[in-house]
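Note that the chains are named A, B, C and D in the order they appear, and that numbering of residues resets to 1 at the start of each chain.
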Amino acid sequence: MITRFLLQGMDRNLRLFVLLVLAIGIALPLLNQIMPPSSPFYVPAWLLQLIGKYLSFALLALAVDLVWGFCGILSLGHGAFFALGGYCMGMYLMRQIGSRGVYGNPLLPDFMVFLNYKELPWFWYGFDNFGFAMLMAILVPSLLAFALGWFAFRSRVTGVYLSIITQAMTFALMLAFFRNDMGLGGNNGMTDFKEILGFSVQADSTRAVLCFASAFTLALGLVVSAAIVGSRFGKALTAVRDAESRMRFLGYRVEGYKLFVFVFSAAMAGVAGALYVPQVGIINPSEFSPANSIEAVLWVAVGGRGTLIGPVIGAFIVNFGKTWLTGALPEFWLFALGALFIVVTLLLPKGVVGLWGQIKARSQAKKARAPA
Amino acid sequence: MSPKRILAVLLSVLASAALAGAALAADLAGLIANLTAGGFGERETAITALAASGEQRAAPILEALASGQLYVRKSDNLVLIGKPDGNQLSLTEAISGKTAGSGTEAELDRVRVNNRLRGVIEAAVGSLTLMSPDARVRRGAAEALFKRRDAASLAALDVALAAEKDPRIKRAMSEARAASVLASDAPTAQKLEAIALVRERADRDSLGVLDATANSATDPEVKAAAAAGANATRQTLAAWEAAQNVWYGISLGSVLLLAAIGLAITFGTMGVINMAHGEMVMLGAYTTFVVQEIIRTSAPHLFDASLLIALPLAFVVAGGIGILIERGIIRFLYGRPLDTLLATWGLSLVLQQAVRSIFGSSNREVGAPSWMSGAFQLGQLNITYGRLWIVVFSLIVFVTLILVLRKTPLGLYMRAVTQNRPMASAMGIRTPRVDALTFGLGSGIAGLAGVALSQIDNVSPNLGQGYIIDSFMVVVFGGVGNLFGTLIGALTLGVVNKFLEPYAGAVLGKILVLVFIILFIQRRPRGLFALKGRSVE
Amino acid sequence: MKFGSMMRTGMVAAGLLAGAAGSAFAQGAPIKVGILHSLSGTMAISETTLKDVMLMLIEEQNKKGGVLGRKLEAVVVDPASNWPLFAEKARELLQKDKVAAVFGCWTSVSRKSVLPVFEELNGILFYPVQYEGEESSRNVFYTGAAPNQQAIPAVDYLMANEKVQRWVLAGTDYVYPRTTNKILEAYLKLKGVKQEDILINYTPFGHSDWQSIVADIKKFGSAGNKTAVVSTINGDANVPFYKELGNQGIKAKDIPVVAFSVGEEELAGIDTKPLIGHLAAWNYFQSVKNPTNEAFIKTWQTYTKNPKRVTNDPMEAHVIGFNMWIEAVKKAGTTDADAVIDAMIGIAVPNLTGGLSAMMPNHHITKPVLIGEIQGNGQFDVVSSTALVLGDEWSDYLPDSKDLISDWRKPMSCGNFNVVTGKCGGKGK
Amino acid sequence: MRSTSALLYLSGVTVSFDGFKALNNLSLLIEPGEMRAIIGPNGAGKTTMMDVVTGKTRPDSGEVVFDGRADLTKLDEANIATLGIGRKFQKPTVFENHTVRDNLLLALAGLRKWHRLLLAQPTKDENHRLTEILSVIRMEEQQYMLGARLSHGQKQWLEIGMLLAQDPKLLLVDEPVAGMTDVETETTAQVLREINKTHSVVVVEHDMSFVRALGVKVTVLHEGSMLAEGTLDQVSADQRVVEVYLGR
């Protein structure tokens, strides 16, 4: 039953793509581990970390696409869910530092010590347990999404209005987390992590594993999303995107559909955040900044909304470009990035994947003509 | 300073009239020499001595010193007063007061003072200027002495009071005297009536005096009276404070209105989510900067008019670029509002970086013309001219815009096109042209906002970023497509914000406002003033 | 798959670069110096200047023939005011470009973000900005001021010269102001200031509407005794803050404001006439008169082709840091990190205020503390200056850090040695 | 709320948008199995009336009762639809990105809950119903074509098919023959009569010839309230109706 459910949405391209993601997730870490640094095939740790980061971004992009591309809800607040997931992971990693902090306080993280905290705030309890932290990384974003969606969808807040309130949400959260009184590290957030599950976060082996974990989770995310989209639920979902009121007159409770995807995608974003933090080694309030959420949307647009492969490709293109250009032409990379966004929205409304599709269609048309 | 010194100052003031200046001229030179030599400590003694000399020249020299216009010429160690004109300084000899040509900072050593010395000088000059022929100066001196409330200035005040004619200044002086009395060891009776007098002022300064007395006084009777007076004053001030908050709210609201109103057009009536709106504001601010730069270098006397000159230019620049954007990007995206969001976001990145590469990434100075700097008291309300003008300006912009929409053909076309595009074009309205103009208008207004904001905020490439989100909140809160909604929305948010701030603090206040907006949208998904009816669907 | 190929090219490119850099060290190929300052985003306002200064210093050094007979080559990257990106770029500089040293960071969070990277890859970072202290890493050299090199002398000055009795501690809500204010609070109490005479206020980043807060300050100041404001407000929010001060007519002689984050660069954005007499505490002012400084200003203004271009304290910090690094490299005879790190300690180079600054075993440097008053021309008049003060990384006014010291000389070589327990590693167990 | 034998019962329904009364104290009775044509000039309130019945618009006052028990003013679109009121829009709206078959599947009476749909697969008799309807609307060949690719007429047919699939008790049809050829109009009339055998139908229409072709009881709306009721001949004899249509 479940396997049937999981496989129903997978077409051939997608199967190949998922395999490719897994291949990357396995090959690169292996190359890093077994190859000697001298070998041309050696994958340096920094590249591994980069890929890991892209992979978690790709997962975030997929989450955004699920609500935007398939249900027409443009959320400008997914960065918030991502960051919340990240904070849960961050709190776990913070607790793992234990007495290795500069003040050697066995219980309190450094930032609490020099802000004269006497004991651990209540919401920090339990985060020394990995399982609990991961559960929270999924639950906290989901609950927030549920609360927001429950009201918003029932009172039929749609389109731009929804986008704006999601933006307001992430903006408010950013301001809140900037406050040192939140007890979450204020502007500096959390950093200088030591261990995850007892393995040093700085060890190449750990990075290899994290990179693989990200790839695996992304693959899983793709499969599940495909299943949802391919199900009769998915058909209804896209129908809601295209003609919401028509669906109502057919007797569908549109709210339920929207709420489910919204919450699911928020949870996915949370997981992405949790994977992101140990690989970049810092989590802080700027992750909540509205700009980040908008950028995530742009990854989707670049890759191709409404497809499952698109967001992943988009996330990789944009972030690879960013990494490369901030080094190659630091003074001008913003021009390039901005131009990319403009060009894509103007010329490639279906994104890169769409372009690829058009090219393929054209070449087939040629073939068809050829024999005549 | 010690009572003895002030007394000396005062006596000499009276004496100086009688005594012949010539005799003292010699040691005036000596005094001034001391003034320029040594560290701040020596300088202080020199100042008081100079004041004590009672020379007519003393006051101008000390004022020059206080305002950092007293120089020693490197070549001949001559002490000069330098008033800036252009890049040069026009010089007059300190002692004789005759002109000594001009020079540059490089050829001169400025005689340095610090806050403490400025205080000392003011006191010295202050007790001198109590007798000044200029009424404004006398009044200023009295006010200064009231704030200083130094028992030592009593004597000076008594003399001045005796000589004073103008009742208002007399009042000020007697209040200053009362304050000084409270600082002195005068008998209880005097102190009590002094308290009564001070109490009538019922403003911050008098509160300060009363509190200080309440704390310091030994005599229980005085203590009680002062405390009572202080409490009474506090209550009056509390009422004023509420009013002050409203004013702050309105002025914050007017800033929001300025930033949002352009958006209300592009977003509200055209449905374009213009993420580059903030950058239009920024362009307006930079236009102001450029205008001022040109004026500074080529026509300094025009400086006070710089903003008025900048306004039309900013409108044209921002509006023009707006039209380019509409023709180049937006027009391909009508009916895809969320896509306009993405494209214009990319655009905002480009514009920011462009400005950064042209003007550099650091802040640019935009000066305030004289008519926009400073503040005035309305009862206990402190209203700064800058803010006042911004409020006025934002309302003017708002009203003009309404008129444009209601009364001009462009406005008519705009409404026609936004209500029913095909019908409008069928009736021969050139809709593309109208679109371009509408967008240009919106952007132009953003440019105007930039001119105003340059007065209160950073002129930096990030200027726009700070306002874009707030602007969207305002428009959505007020109700898209409804300018009055925008007005009300902006003012409401401003006032609410300012009333929360004292209790919740700046950050929490803002957060609460955002949460409030989110909840409000749940209640009224289409904002404060929504358009009802079938046309919405 | 498009991105697959992209990554492959990326990897190959990386491999080549790594190889190139690796082999480079053998011959007299240039020594790479990393510059890690934001050129875009919110911090570009402050950091871009530092990038330019570094480029200038490197150019100057190359005119002198570089160091160890090798030219210097600057590697500029843009971390875009994005803290995770700082870490990524730091890694790129150290692992891909194999730079010998990195000059960079402004905000504490950016430093905190790159710190683990530098410690892991054993790189060298020169950090040029005044900061909250409470840190000492083997791989970081702190050329900016620690709180005791800025805050406390400023407070002393106000107490002594302006007889200030009431204090407003206004700051942006992040670590530097929080810590500095904690230290100041403790210090003031020690000096017998009563709790009700201290008002602490925090505002968000880029706070632009200061009406209420300035009004509060006025209110607090009008209550009798002489009041001063100690401002740790972060760069961007200062312009509106000072504009509001000017408009509401708060004169320096009534309520002086002493700032720790406002230098010539920030004032360049304001009309300073209404602000004459407000103070700032730094270790350097452009107005300081001495040959070294005048020479530096001259080169800077010619380099930037802008005779009005100002200099400021963090720039001096980079000058000091860079010269120290050059000296250390000469002393060590190599750019190898460990050798240079050891060589650094004890090196003294002239600072721009006419003295010698020395690198101390705690990786902080000695500097004079100058108090300046704002002038009408956007410059500062120095009204007080101290002898050389050693940066104190672990403040004596915070309960948990007063027992800690840092000494990177062997055999101790420890960043948080606890003098009570006699153990390295904070409280110990 | 009074109980009645009528299938649809409107009484004293008033709706106003910013002062303008779209419906003004309108009362209307539809008996089970009846087919009713509603005519009236533009702005007479025909569409608003449908909005009220389908729950899109809430009346300011008045009763709307379905099937003698359900108070429609309290329910939203989804409930009303599941109660068995189907609506066909003037402009055919089908799901453009779905195949004809999927369009029908979505309309098919039965599953509506999101959590049931996640795992649901089309059952045997569901598929049976689909093929049945496809044959009724004569679209077997196009069943895997995307909605977007269909011609205007085909869309009309598909939508009718969707209504059949939805299988409502009462069917509201808004100007079904707008922009149709005479032939299409005639067949549409047939189809509606066909449908009427098993469903009650309310048709809103301008086209008199079509109404005549239907040959059913007619209600004339004017300025939001009922002007006249009866056979087409009766109403067109009515003086006021003539005035309304031809003006003075």
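We adopt the following convention: contacts are C-beta pairs under 8 Å (C-beta built on N, C-alpha and C of every residue); 3 or more make two chains touch, one makes a residue touch a chain.
What you see is a predicted model, and the numbers here were worked out from it, not measured in a lab.
The minimum number of touch steps linking chain A to chain D comes to 1.
Interface comparison, A-B versus A-C: the higher number of contacting C-beta pairs is recorded for A-C. Taking each chain's centre as the mean of its C-alpha atoms, the one that lies farthest from the centre of chain C is D. Rounded to whole angstrom units, the spacing between the C-alpha centres of chain C and chain D is 74. Centres computed as Cα averages put chain A at a distance of 45 Å from chain B. Computed from the mean C-alpha positions, the centre of chain A lies at a distance of 35 Å from the centre of chain C.
Distance between chain centres (mean CA atoms), chain B to chain D: 65 Å. In chain B, 352-353, 507, 510, 537 are the positions where the chain touches two or more neighbouring chains simultaneously. For chain D, residues touching at least two other chains, in rising order: 56.
The set of chain C residues that touch two or more partner chains comprises 39-40, 173, 202, 204. Across the interface of their complex, chain C is touched by residues 40, 68, 112, 114-116, 118-119, 122, 147, 204-205, 207-208, 211-212, 215, 244-245, 248, 251-252, 255, 352-353, 356, 360-365, 367-368, 373-375, 382, 384-387, 455-462, 465-466, 498, 501-502, 505-507, 510 of chain B.
Within the complex formed with chain A, the chain D residues making contact are 54, 56, 76-79, 81-82, 86-87, 89, 93, 95-98, 102, 105-107, 111-115, 117-122, 162, 166.
Interface residues of chain A facing chain D in the complex, by the touch rule stated above, are 1, 5, 228, 231-233, 235-236, 238-239, 242-243, 245-254, 256-257, 260.
Within the complex formed with chain B, the chain C residues making contact are 39-42, 44-46, 48-49, 161-162, 173, 202-204, 206-209, 211-213, 215-216, 218-219, 222-225, 236, 239-240, 243-244, 246-249, 252-254, 256, 265-266, 268-271, 274, 276-277, 279, 373, 375-376, 378, 381, 383.
If you check the complex, the residues on chain C that touch chain A are 1-4, 6-7, 10-11, 14-15, 18, 39-40, 76-80, 82-85, 87-89, 91-92, 95-96, 107-109, 112-113, 115-117, 120, 134-135, 173-175, 178-179, 182, 202, 204-205, 398-401, 404, 415-416, 418, 425-429.
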